[in-house]
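Order as written gives the chain letters A, B, C and D; numbering starts at 1 within each chain.
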Amino acid sequence: MNRHEAAASLVSEVLATRRKTIRLTEPLSAEDAVVQSMPDASPAKWHLGHTTWLFDRVLQTIGVPQTSKHYEYIFNSYYNALGKFHPRPRRGMLTRPSLDEVLAYRRAIDARLADLEGSPRLAEIAPALELGMHHEQQHQELILTDIKTLFAANPLLPAYATHPAVGEVNRGGRSVGPQPLAFRAFDGGLFEIGHGNQSFCYDNEAPRHKVYIAPFSIATRLVTAGEYLAFIHDGGYERPLLWLSDGWAWVNANAKRGPLYWAMPERGSREPPRVFTLRGERDLDEDSPVCHVTYYEADAYARWAGARLPTEAEWEVAATAANTEASGNFADEEHFHPIPAQRSSPSSSGALPELAQMMGDAWEWTQSAYLPYPGFRTVEGAFAEYNGKFMVGQMVLRGGSCATPRGHVRITYRNYFPPNAEWQFSGIRLAKDP
Amino acid sequence: MNRHEAAASLVSEVLATRRKTIRLTEPLSAEDAVVQSMPDASPAKWHLGHTTWLFDRVLQTIGVPQTSKHYEYIFNSYYNALGKFHPRPRRGMLTRPSLDEVLAYRRAIDARLADLEGSPRLAEIAPALELGMHHEQQHQELILTDIKTLFAANPLLPAYATHPAVGEVNRGGRSVGPQPLAFRAFDGGLFEIGHGNQSFCYDNEAPRHKVYIAPFSIATRLVTAGEYLAFIHDGGYERPLLWLSDGWAWVNANAKRGPLYWAMPERGSREPPRVFTLRGERDLDEDSPVCHVTYYEADAYARWAGARLPTEAEWEVAATAANTEASGNFADEEHFHPIPAQRSSPSSSGALPELAQMMGDAWEWTQSAYLPYPGFRTVEGAFAEYNGKFMVGQMVLRGGSCATPRGHVRITYRNYFPPNAEWQFSGIRLAKDP
Amino acid sequence: MNRHEAAASLVSEVLATRRKTIRLTEPLSAEDAVVQSMPDASPAKWHLGHTTWLFDRVLQTIGVPQTSKHYEYIFNSYYNALGKFHPRPRRGMLTRPSLDEVLAYRRAIDARLADLEGSPRLAEIAPALELGMHHEQQHQELILTDIKTLFAANPLLPAYATHPAVGEVNRGGRSVGPQPLAFRAFDGGLFEIGHGNQSFCYDNEAPRHKVYIAPFSIATRLVTAGEYLAFIHDGGYERPLLWLSDGWAWVNANAKRGPLYWAMPERGSREPPRVFTLRGERDLDEDSPVCHVTYYEADAYARWAGARLPTEAEWEVAATAANTEASGNFADEEHFHPIPAQRSSPSSSGALPELAQMMGDAWEWTQSAYLPYPGFRTVEGAFAEYNGKFMVGQMVLRGGSCATPRGHVRITYRNYFPPNAEWQFSGIRLAKDP
Amino acid sequence: MNRHEAAASLVSEVLATRRKTIRLTEPLSAEDAVVQSMPDASPAKWHLGHTTWLFDRVLQTIGVPQTSKHYEYIFNSYYNALGKFHPRPRRGMLTRPSLDEVLAYRRAIDARLADLEGSPRLAEIAPALELGMHHEQQHQELILTDIKTLFAANPLLPAYATHPAVGEVNRGGRSVGPQPLAFRAFDGGLFEIGHGNQSFCYDNEAPRHKVYIAPFSIATRLVTAGEYLAFIHDGGYERPLLWLSDGWAWVNANAKRGPLYWAMPERGSREPPRVFTLRGERDLDEDSPVCHVTYYEADAYARWAGARLPTEAEWEVAATAANTEASGNFADEEHFHPIPAQRSSPSSSGALPELAQMMGDAWEWTQSAYLPYPGFRTVEGAFAEYNGKFMVGQMVLRGGSCATPRGHVRITYRNYFPPNAEWQFSGIRLAKDP
């Protein structure tokens, strides 16, 4: 593919990505799309406008006129370099522009993007368009997580999705019980992690660099809801010595007794919790990975289990060995919830245990704080604020989730959230010293 | 009119009132109707549902089946006696039921109300229906005040109303400048105030009872925006001695420099403030009554002006003398903002000055705390919580506003809000010791 | 007594009052005297300095030089007209000046006050000195209430007073059980209340003015702790319909199950609560008046008891009839806690029931908001901010408490606190419509 | 020294350390020692009691009876495993036990410690005694930092220390101007960091482990106050692109314009700020290291300076090369404030630049989050909660400060505070990629 073809193909990819965003918002009414459930979450309409605004800004750099001064203010998220912006906790006030107007804005920008196909200036903005596409995918995930907090706040507990998941149709009979928990050992040594910039990546994944890692073991699958329930039944939320100090304060300040979206039964009862999902409320599925846990909960569970969380370098080394980038339970399967790890086929004796669920299902909390790699540089220009300015107070998560668009994440992909974030599909993979 | 006719006429009145509610929400999109701008305000859709739920409850007392268990929970406002209810600050989470579903709920209940016309059980619930109608009118006013806070929070500053006001069409040429400020003196003595229950009133207006009032004078019109601006220019918001202690703390905690919805120019500038109204943002109209002031601001202004606020007994005695219940700038005129007091026609010498704007335009803060009248009894039954439980920490306002439906308020009508409430159309009428 | 003698006698009185302040702080260490337990309370050392500062300011008006610019800033409470002042919630940061330095400041000002006895300028400041003396008495009460909150916050639960009360020594044998609850009826009519200014009073007690009062009855004694316990056992803190709306919110926000300083037993248990007093923790004395209740609790109790609280006018009319100003359980008796009403001696048939405990024991919440009397004027000059600026959001309490210095309160005396204030010795007297 | 002698020597060391604590509190009155200036700081009296309680607990393990059940509750800081404890933000309520009683408690425990010298059970608790001694030193530093926040909150701005510093006496003439800023380059490679447990260290310093470090340079001294002032004058606190996102929010939420304890002149003025120190307020000394900066400020300054902060591994490698553990401006010199780096003597050509101020003066923020080293294990037993449970949300600081007791810190020592902590003596050393 020559450079001209590559650029044309990029425009197609961008437009295809943008159509997926629309598909994800189809189950939402205009009312669903306007309300903000909490300061951390944004209305779906705002996501639709913000992702469009980013392309609008990119187009402006090659002389395409601005669509609306108001949209500039409304749909800028946090780029101080690009001017003043509407405060994040007030995004839910924006009943105007209407959803229809925002969709028209999308169509207008999409038309201009389509016009780029033959444009001599396309190459100039191709890197920014590529960033815009990956940025749009991030917001696809946020549309799902944010609508989940909104629907969970509604006493009617509406379901976002009601049709069968793609996976359910394709998968056929399911095995009974989850894959038994095992650990796969890795030798220590000097490794390279991070992205080499041979293809698209975010600035925070680079540069590729050496790290020394001591020998470690890592679990072959995510912690299940059933295992997590055992932790709860063993007094998990009542024993301070299992928790980080901040975590214990968080448990008490919020009177936590289980993960977000678990409706715990009366204290003392052993009835199973009911769980709210994007497919409505249902009984706890013990074989599915637990998700929506905070770093505090992940860490406490690991301590209770006599293990720990992996570092991001350990995770990346293990994922590289597992080599499972392509497969996984992503948003495209439309489960919109983690599913049990399949029992692996009986492996020949002596084979290393496979690492399941490394990609998709649930983001995996690592024991690494989100900090710059050695030699880190922010991108130049308008989007310099993309990643670097968040490098304090957050922990790294790896691997993507059931709400991540397939093709968005990579083995080197670094997601990050504060330790008390719980509205993302965040789960637990255990690690151990050898 | 015999009792049968009266009851049938009540049903017509109720249905007419409910049609007016729908008319008020017509300028709103489904998106406008779902968002809650602050804990004190409710979404228009919630108002539509809540007023309907009240009639639903009334109908249930004569055996009409409940419409929806969910609506019971969602649309109860604060009646502990009627069961658990959705927390007020979370009313904006209710993207479901949709606006269409709530409008269908309204139509279903309206149909059952219409069926009552010939019903033998109509008389039984007539008092509750009448209460429901007045209750609905209160929420008509709240729909207007609440949508105003929402639109003011939108950087696009949308206008709620764009068609000419009824009053503008009818009124013809307007006099230049407001009526000059004058005071009308009243003798002291023993008076009766409160409602005698000869027709509908709220429980808090009764019983009619004796009060002794010392001689006083009361202003012939409301304080204008221009007069209030002079207070600001004279350092009104910078001089602690003009303020109640709580008021001064409120000024500082909120960095107040003018009333709600006034966009004050840079400190030092004497440019006129821009003012947000339900008809969009516009230059300050100096002749219109100031509104959206808190009790703190009303009290500080009065102190600055060498006057005070009237007590509710003084106000009621003056309003009774003024005898102007019917006329006034109410919501039905569709100004949706206070308008200047008309210069009264040259009165024959010796006539007492007329009291303008007693009804409509802006609620008038009184110096009276909202407390029970001697011998006060709450209504019996389900709606016992209607008024009495709010009798602490609030001040009485009198006279209705430009957002009040005509026919809703009475001379004896007691409205009440906390001293820091500013989103109602609340204004200032001065009083003096003789 | 001629004017010269009167003035000289005033100086003696002032100095005697100031000696009593010292006596009250004698049980306190320097450490006890410096700490601020909550923003509403002040350290005892600050009270010692502030009351002195007020006399310092008075002396300055006749040319006595200021003692310290720093003290001016530190010990001004809230007089904006007198300059900037140290923020109230930071009074507990003042470890310097030391208690010894503040006591030296007191002695220095006392010496200057003593010097006034023969001064030709004494008469000029006599009214301000009198105000200063009454002001000092108010702070004597606050020293007691504020140290009580501090000691209650200490896990050692120290006792402020350990010597026998004056009353205990004098009183001899006590009757068994409290006086039975009875109500005394009053005819309605036109009354005069308020202070006529024939002797010292605060500005808020004047002017004397007419009020019309409907017939009413008032309880012959305060509600006892035992009666209040019955309210609790009857679900008092669990039944929303008993409470004002703000009160119910307060109960829930603070998880209240009983009054301040009552250590309630486990839910379900009927063990008597332990009660923290200025004499240490002890078992609940069921016959003593309940105290440290908020307006919310007083109002809820009254509703539960089928009664209501009196208005301040009713209270004043009743107290005038009772004519018991002089006697009562005041701070001078050094009980520092309310004591049971004595059974009155068998009265001759037909005699009206006596009204016990009108003065002393516990401040009595009235159903009246703290508002200006008709014709109210603040005092002129430096102390204009004394009372008037607090006339919003508070309720009137009458009659003084076991922490009030004898001679400080009058029948016309208006104390005032917000409805959620609980650290004062505030109790309940019931009233009824006839 | 045989094992017996070593243990006896340990007792002497412990007692000597404890005497130093007393010396540090000598300038404080009982009042100074009881007040808590903010939740993060503790009263000096509490520090005196808490450090004693730790030895009390240690003694109990060999059968010495508990001194007081109350002290157990009051002086436990945060050890959930050791029972309930008094809430941290309420430590300032403890006016009882008095300072005298706490000093008596110290003497009683000291006597029991002295009795250990010949005890056969000494060896058994020697490790715990050693931990207690180092723990006591940490609290010596906190006594200084905490009293500084208290005195800064006092409008009198009292000085903690007034006698000449030991250093001032010894040091003789001071060079003019600080040492010019230079960077020393280090090659990358595989290093070992962490403590090898060959002598006392905290659990979080171990195990010694390999890390790979890329080539880097590190500044030869700390950033001075004058350099930091240039950052401020260049709009440092007004340019969002210089800040981490959380940092910028912190700047705005707190209206920050300079570091803690700097009294900034009016906006626009270039007058030098006044600075509050433990020796009272004084003009800014431009040559001294800036201190009391948050991680946010350190990071923003570094970005402005075109540099970055070092990682803790880089710092440790550099400090090991610098080999300056023993010397430095520690608390023992009694400056109680950072002092300018001395101009190094003219080094022979080709010599590497010396690294000044690595130990003492100011803790140095690193770019490393406080996380467990590979293979980290908490100590067993009662003090397992000492360090590990704080391993989230904090950044590592290295090198000790002018408030740290000499001998307390090591090159491997890891201090940690949240990124918004400013009351410690925390400063800035720059680093760069090569």
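Operating definition for what follows: a contact is a pair of C-beta atoms (placed from the backbone, for glycine too) under 8 Å apart; a residue touches a chain by one contact, two chains touch by 3 or more.
A quick note: this is a predicted structure, and the numbers were derived from the prediction, not measured.
Enquirer: What chains do chain C and chain D have as common neighbours?
Expert: Both-contact set = empty.
Enquirer: Trace the shortest chain of touching neighbours from chain A to chain C and give its length in steps.
Expert: The fewest touching-chain steps linking chain A to chain C number 2.
Enquirer: Going by the average position of its CA atoms, which chain sits the greatest distance from chain D?
Expert: Checked the centroid distances; the maximum from chain D is B.
Enquirer: Suppose each chain is reduced to the average of its Cα coordinates; what separation in Å results between chain B and chain D?
Expert: 60
Enquirer: So, what's the distance in Å between the C-alpha centres of chain D and chain A?
Expert: Taking the average C-alpha coordinate of chain A and of chain D, the gap between them is 38 Å.
Enquirer: Chain A to chain B: how many Å between their CA centres?
Expert: Averaging C-alpha atoms per chain gives centres 48 Å apart.
Enquirer: Could you run through all the chain pairs that touch each other?
Expert: A-B, A-D, B-C, C-D
Enquirer: For a test of understanding, state which residues of chain A touch chain D in their complex under the given definition.
Expert: Per the touch definition, chain A meets chain D at residues 78, 80-81, 190, 209-214, 240-241, 243-248, 295-296, 299, 308, 367-369, 371-372, 374-375, 384-385, 389-393, 395, 419, 433.
Enquirer: Report the residues of chain A in contact with chain B in the complex, numbered from low to high.
Expert: The touching residues are 29-35, 37, 45, 70, 73-74, 86, 90, 92-99, 150, 153-156, 158.
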